[in-house]
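So, here's a batch of structures to check.
Next come two complexes, and both contain chain A; in the first it sits with chain B, in the second with chain C.
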Partner chain A sequence: MPSEQPKARKPRRGEAVTEPLWIRCALTAVALGFLGLLLMLPLAAIFVQAFEKGWEAYLAALTDPETIAAIRLTLLVAAVAVPLNTVFGVAAAWAISKFEFPGKNLLTTLIDLPYSVSPVIAGMIFVLLFAPGGWFGPWLEAIHLKIIFAVPGMILATLFVTFPFVARELIPLMQSQGIEEEEAARALGAGGWQIFWRVTLPNIKWGLLYGIILCNARCMGEFGAVSVVSGVALTLTLQVESLYKQNMTAAFAVASLLTLLGVVTLVLKSLLEWKIPKQTAEEAMGYCGD
Partner chain B sequence: MSIEVQNIRKTFGSFTALDGVSLTVGAGELVALLGPSGSGKTTLLRIIAGLEQSDPGSGPILFHDEDVGGRRIGDRAVGFVFQHYALFRHMTVFDNVAFGLRVRPRKSRPSDALIRHKVDQLLQLVQLDTFATRYPHQLSGGQRQRVALARALAIEPKVLLLDEPFGALDAKVRQELRRWLRRLHDEIHVTSVFVTHDQEEALELADRVVVMNEGRIEQIGAPDEVFHHPATEFVMNFLGQVNLFGGRVEEGKIHFSTVAFDAPEHAQLQNQPVKVFIRPHEFEVGEFTDGQTCIRATISRINSAGPNVRLLLMAETGESLSVELPQERFRQLKLQAGSQVYLTPRGLKVFGDDYVI
Partner chain C sequence: MKTRTWLYGALLLASGALAYWVTGCAPSSEEVKLLNVSYDPTRELYEEVKTAFAKSWKEQSGEAVAVKTMHDGSGKQARKVIEGFEADVVTLALAYDIDAIRQKAGLLAKDWQSRLPHNSCPYTSTIIFLVRRGNPKHIQDWGDLLKPDVQVVTPNPKTSGGARWNYLAAWGYVLKRELGSFDKLKDPQAAEEVARANEKARDFLKQLFDPKKTPVLDTGARSATITFKNGIGDVFLAWENEAYLVLQESGKGKYEIVVPSISILAEPPVAVVDKVVDKHGTRKEAEAFLKFLYTPEGQTMAARHFYRPCDPKGVPEELLKQFRPVEMFRIDEVFGGWAKAQKEHFDDGGIYDQIKGT
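On to the complex of A and B.
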């Protein structure tokens, strides 16, 4: 509670590391100019383009049956991929941060694999495995299951690409929290599930939410891997690309949706970032001061 | 409930943490495991608790003559207090203490009203009844430690195990909490073992002290016994400050520095090298020589802040010595840095290669 802790006054930067005013202004201006040129200008351009032919054209583009279908499909892919990767991410992070077992380093490395593999290659891998001429192709054909150039393939590709997001977010957090609380719970007679639900999960909830939000943003924004395995049905990103060749305004209208998603993600992310350090700082502060 | 462990071994890779340790703790006793870091004391405590498994080939772990070696910690009915408290950070003090009762299987779980009653009682016992709705980060270190203790006691443990319970606290809080824990133990009489590297804490708090070093037990005894009759050089050295002299035994006398003492019981030893230990308070400080038994030394530093005055001296033979004397005596002698004094050893402990005098 703030009332109990003495308010920590921020130590002022020493004079020694301060630059003259004009240098500071110049550096700030360069940074802002760069940001404006590379981030703000394109962002504005999207909305300008989207509304070029007015509100009605914008709404018409968004309510087009194909666009609606793309929104649906994007939501479907995210609705499957995000929960699966959440469960996987929590399980992996739990195993890695709380237990010692052979192959732990290998697992940690494997989780990072999707980061280092280009999404297009990721898509190709699935084509190689599941396409009619691929390894499992004949067998899939025999049971009349179409994965590649269909929705299951898009979900698989998205799963692969967004695999690390939740786990990567949680592992450092859980490692820093240690296993003492879990040991304490075990000493008090709690079982594995009780420890997870009552002790571990509440401790990681903000980090977990952060990971889920990032995972979701990537799910909805993924293009490369999904485009390789997609068929007739398109997600929002693919829809933007397809419209781009025919109808600029409609393409930017749909793009503006994705941009809004990005902005919402960014706001949520900042909110959580503000929440997480505050929480840990409060605890850290409490733990060292008597 | 008594605790008995026999021939416990534990290795971590190539490091031997415990090398065949056997120990018995009587019912209702308060025992300290004392040793430097790496001596295996925490590992022993964690093995007794069931947080670690001893290596195959180790002897049994008996609680009241019943082998609990195969049981998990949750089934051993031990209360464990962690060095850094390990309170559940997202739960209030009340919920922390209630945790052990709430996670019980439905049929043995007390009713909510009973849990409430019991937690209130425990919080009263640890004098934190007004803090029930606070979170751990809103408490001081000493308060947190008491919550951890109340939480451990909530499951009515047969054995209470504490890992460096006061390690993370300020000196002053530590002392208060130490006395408080002793009073609490006298009240509830649960068999308790605590780990510490602070000899003062072990000597003040425990009924018996187990001094450990490099995975072995050096000595077990009452505080008085281990302090005044150390069994080994290590125990002598670890329990308080010492001055060390290299000496030898010859013709029934111990020679070291510029002095010689009679040791008729070792008349048969010829020119045997020994180590002579003298605690700082076991020197008589005088202005004049009394002949044979004095060491002449020059005071190099005086620290008079404290109940006793501590002197750092340089003996004429080159050893650096530390000596403690009462304030009164210090004022009588009008000592100053640079003055020369004569030190007469009043008590000494001699260790040879394989014997103790």
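On to the complex of A and C.
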């Protein structure tokens, strides 16, 4: 009971809260109940459904040639989109946090555009631009390049949707770090690349990794935009939707793969969250190690 | 830092292997690829046709052929082909959707529908009702759908072919009820009576597609099936083939079929997309694929998946017996063909939009 707390002792963790026990318990129960009902139960349901017909059916669903093809396509899309968005994200964050230039606010706002545009609309924009009847359609037709209803379109749509992830992660980090270290490096005679590789990049590496992981998770989980521009080849999310209408168990088996991806992302994310403050603390102490 | 070097080496190797697997060329085979763009409930049918056709074509020509079929609401699929999805053949839910591909993208010859027997419809179907076990709401005919406690499941007429057949079947039912006979539609002296009947039908459809009556409008027939199976609604206005498939898959006793007093003859046509097959060099295979649907083997397959075969001669009797007799009218007879029906009812600003208040 808070009222009986001896004054001499330093308050232990949690004792600063003055609410009675039953309120604390009730709040915890509500939070856990919500978590269980809205997060854990659906997660569990995916696996229950996936294993409904046993291990063999599960493995058969995952080794189905179409599912394998979907896994490959998903990895391919991520393998193109994530590095491109990483390069862009670093460049944009670098420009925004280290330099002053006209149109900087506009750029910052534009980076956020994909967050506010619905993915379906993003997909439709690309159809409008690149479909045979679209703006660039006749030209693409002339050089025999297929974008819409083919893999390039899916990569473009994914690029658009996952555009802000790396940049958004880096901008606040780089802004908070300021430009003193870079200026010092310059004063000591370092060139541009040298500054980037030896000063800027080491400073942002964990934040960058964090952004890449989020970007990758979104790449692989994207549905709306790629669904509009997809053709015969399907990514994992589209494969789940297609299977859902034919074979529930297989659909949930593939869905369980995506769920596992989510869990791995979550674990990596937590690891990094633990790493980032540690790094900052080390720097604050003047620790300079490899 | 030896371990670190090893770690980086291993990482590099792993990502290299992964990259090789991801980009590594798909087994480059000699097989000819055909893309069949189809509507929502034909998944199981074309899955079976694909294998049988590949075997028959191999025997006939020595060539390996792989048919890939994509499914979604018929109208949605047509739009995708118009926008540039390169289908070698289209097997859609209704003639208008294929005609739209001809009109808007010019991908087919004008006479496409007369190039294959039976107006290019290798199988037909109709619209019937699927209700829950014991038919607790006593739904026997179209009129019962408007009972206040009955909720209806149908896909969206804007994207789904099956839903447009649903809509027109209901409209035809009201006309028949009001007029007694469709002959009056052609009789100039009955014009006033016909106009009144049409007004009644419009009112019927307005009530049927009221959001309280029909809370979910899925994009395609299969999505609507899943909605109904998930427990929404008392009656599902379904393709006959889809209704029988649900009965077959979910075992006996969960659902029942109700045959209304009258329904529409649904004719899902098939066509080779001329411009695409000429570009891909696949005309021969595409035409053979569609013709295969008309063979006794193809017809039997259709019947086995509960599509009514257009040429039942070579189809086993027990498969034909499964179809219950349904009184059916044709779209030409009541609505003057698909082009007219589409324009009046389903195009933007048409009657469907008007009754939905958009």
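One rule holds for everything that comes next: the second predicted complex is superposed on the first by the 263 of 290 C-alpha atoms of A that agree within 3 Å, B and C clash if a C-alpha of one lies under 4 Å from a C-alpha of the other, contacts with A are read in each partner's own complex, and residues count from 1 in each chain.
Rule of thumb we're sticking to: a contact is a pair of C-beta atoms (placed from the backbone, for glycine too) under 8 Å apart; a residue touches a chain by one contact, two chains touch by 3 or more.
All of these numbers come straight from a predicted model, not from anything done at the bench.
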After lining up the shared chain so the two structures overlap, which partner does A:191 touch, if you call chain B first and chain C second: first, second, both or neither?
first
In the superposed model, does chain B or chain C contact more residues of chain A?
B
Using the touch definition from the top, say if A:180 reaches chain B (first), chain C (second), both or neither.
first
Is A:143 in contact with chain B, with chain C, with both, or with neither (first, second, both, neither)?
neither
Answer with first, second, both or neither: which of chain B and chain C does A:72 touch in the superposed model?
second
Touch check for A:232: first (chain B), second (chain C), both, or neither?
second
Answer with first, second, both or neither: which of chain B and chain C does A:106 touch in the superposed model?
neither
Which partner does A:131 contact after superposing on A: first (chain B), second (chain C), both, neither?
second
Taking the two structures together, which residues of chain A meet both chain B and chain C?
290
In the complex formed with chain A, which residues of chain B make contact?
49, 51, 72-75, 78-80, 82, 84, 86-91, 99-100, 103-104, 134, 136-142, 148, 151-152, 154-155, 169-170, 173
Can you list the residues on chain A that touch chain C in the complex?
69, 72, 75-76, 79, 127, 131-133, 137, 146, 148-149, 231-232, 242, 244-246, 290
Okay, in this complex, where on chain A does chain B touch?
1, 4, 180-181, 183-191, 194, 198-199, 202-203, 282-283, 285-287, 289-290
Chain C contacts chain A in the complex at 1, 18-19, 21-23, 26, 35, 40, 43-44, 68, 70-71, 80, 82-86, 105, 222-223, 226
